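Everything below concerns the one structure shown next.
As written, the chain order gives the labels A, B and C, with residue 1 at the start of each chain.
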Amino acid sequence: MSGFVSVLRRELSLSLRGGGEMLTLVLFFVIVGAIVPFAVGPDKVLLAGIAPGIVWIAAFLAMLMGLEKLFGPDRADGTLGLYRLADTPLSAVVAAKVIAHWLTAALPLILASPILALLLSMDLPTFWRTLVSLLIGTPALAGFGALGAALTVATRHGGLIAPILIAPLSMPVLIFGVGAISASGGPGQTGVATLLLAALSLMVVALTPFAAALAIDWGED
Amino acid sequence: MSIDTTPKMSWWNRLAHPGQFVILTKPLILPLTALTALLFAAGLWFAFFNSPADYQMGDTVRIMYVHVPTAWLSQFVYATMAVSAIGSLVWRHPMADVSMKTAAPLGAAFTAMALFTGSLWGRPTWGTFWEWDGRMTSTLVLLFIYLGIVALWRAFDDQLRAARVVAVFTLVGAVNIPIIKFSVDWWSTLHQPASVFRPDGPTMPGSILTPLFVMFFAFTFLFITLQLTAMHTEVRRRRIATLERRAARGETR
Amino acid sequence: MTQRQVQPSLCLKTFALSVGRGETILAQDLSLSVPAGTGLLLRGPNGAGKSTLLFTLAGLLPALSGTVTLEGYDEDFGPAFHHCGHKNAIRPRLTVIESLQFWQAINGSAALTPVEALERVGLGRQAKSDAGYLSAGQQRRLALARLLVSARPVWLLDEPTSALDADGQKLLAGLITEHLASGGLAVIASHDAIAVENLAVLDLGGRV
């Protein structure tokens, strides 16, 4: 348990001392969201309609950005090999990294989401639902992200392949995530989507550390 | 491979040895090819000349004879890959690696064919090449997963390491596919009237069922034949790679 | 944290071990026996498979054939191997003492405290500084300190002398001697002479 906490603390202090990485991620998130009106036109009604989808896509893309540094530096400097020989099980190390990844790559985005809500003329009830859906759904993205990073850490150009692997798996997260916001499905559907999203998130966060640890253990040399 | 390679290997052990596997299954290729050709000849004859045009869809119904078998194979091939992945992870069966690797492009090809024929059929029936309906969408996602697996195989230099990593992803995908299917179904019923596509499909008369049935077996045997051939090729490819590496190191063994 | 006692009957044995990367065999049919209190020095030209053998002994690479066993070791005590490779696993932006505390938390079973270990390897004054600012030799010393904060019976050292100055080499020899005297064992790959008694030498030669 102390090993788990130590990995978490180490990851967080590396990120916090890393200078502007987190800020860059937030900037990316806001810019991706803010670019959409230029592409589809500044029609407020249209923007408000697709705003939940835009926020989710922006969050999804921004979280892909941070994947490279999840296991890449650890592999480069030999830390990953030592993790495999550690007392703390590799799956616990990965679980700590999933949590750290969420705290450093998802939480800042959620905190920045009011800016996008404003730019995309979201109304207040929709914004609250967006906030809840992001809070519930992004852990699943963090889990899938860690899995993708673990699968490709031993490859030469893994940075490009990880998103390709993760995107199809993350489809349900996007579906339920946006479904939990927009009321187009009639009454009750948003509640159903929120519950399904929560179930999915719990399952992904519980299971991916084990799969990712297997992938690292067997793919490394 | 050092102790008693030759005498009295069980069939399981013989299958596990790549060289023995090729020797053991080589005689199967010719009969399988003949059987596949025969089934296709019969199936196509039924499909073109001995089945009626549908009173609603007309001749486009014949696309079904390719579409339905390939759509079935898109899932059957993934199941083959998932079973191979378990064989690779649990028993470290060398041929399971090979089977997993060769099935991926085949699965991608069948899935692409199912999508292609599906949209050909969709144009006259739905009036559009692409409809975001539940089945087509989840088949598209399946195609992405197949292509991701092929890309992951290619990203590794060492195929032994690749096998284990790909096996993990294949199994994660196997767990995920039902979830994707469920979510996509939920999503498509949310966004469009259900009348566009009837999930139970039209009731089929026997004259349509016969060619469908034959084509179904024809495509399945096509997959088995291609899979075996590709596995043999892969075994040879690996042997050549090993020999080249040895030659590069100046060994004579 | 339970004290990991080291039984005198401890013995690292390999049987008909073949090691290599991918399908390329680098060393074949190794039957080694390294009893507690002794060390094994691996020699051989570049590419002879020294590092690969160490990786395989640690369990980081699968053996192509044959087995590695550590006789007389109770698996309940957790991993038995310290591996110290070419890479020091030191990250800039963490202080020296933080790095060491981290490895102690991960590897468990405290032996020396991080402060004591730093004093031992001569980095006491750098404890609070950023590990990224250490010189190559100092980073190597920090990597050695990692072996001291968690007690494990088997040390697998890959070129431990690289970047070390004369004092550092003496320090390394001292550490290994102490480790062997306390009933541990070590397998070391090095081109340099290491001033430690009880070292058997295995020449891996060129190719198989």
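Basically, a residue touches a chain if its C-beta (ideal position, glycine included) is under 8 Å from a C-beta of that chain, and two chains touch if they have at least 3 such contacts.
The structure displayed is predicted, hence computed values, not measured ones.
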Chain whose averaged C-alpha position falls nearest the assembly-wide average
A
Far-end chain from chain B, centres as C-alpha averages
C
Select, from B-C and A-B, the pair of chains that is joined by more C-beta pairs in contact.
A-B
Using mean CA coordinates as chain centres, what's the gap between chain A and chain C in Å?
37
Chain B and chain C: spacing of chain centres that average the CA atoms, whole Å:
47
Could you work out how far the Cα centre of chain A sits from that of chain B, in whole Å?
32
Show the residues in chain C shared as contacts by 2 or more other chains, in ascending order.
21
Using the touch definition from the top, which residues of chain A touch two or more other chains?
221
Could you say which residues in chain B touch two or more other chains, in rising order?
157-158, 161
The residues of chain A that touch chain C in their complex are 2-3, 5-7, 10, 13-14, 17-18, 73, 76-79, 81-88, 93, 220-221
List of chain C residues in touch with chain B within their complex
16, 21-24, 65, 207-208
Which residues of chain A touch chain B in the complex?
147, 151-152, 154-158, 161, 164-165, 167-169, 171-172, 175-176, 179, 184-185, 189, 193, 196, 200, 207-208, 211, 214-215, 218-219, 221
Looking at the complex, which residues from chain B come into contact with chain A?
89, 141-142, 144-145, 147-148, 151-152, 155-158, 161-162, 164-165, 168-169, 171-173, 175-176, 179-180, 182-184, 186-187, 190-191
Which bits of chain C are touching chain A when the two form their complex?
21, 55, 58-61, 78-79, 81-83, 85-91, 93-94, 98, 101-103, 105-109, 150
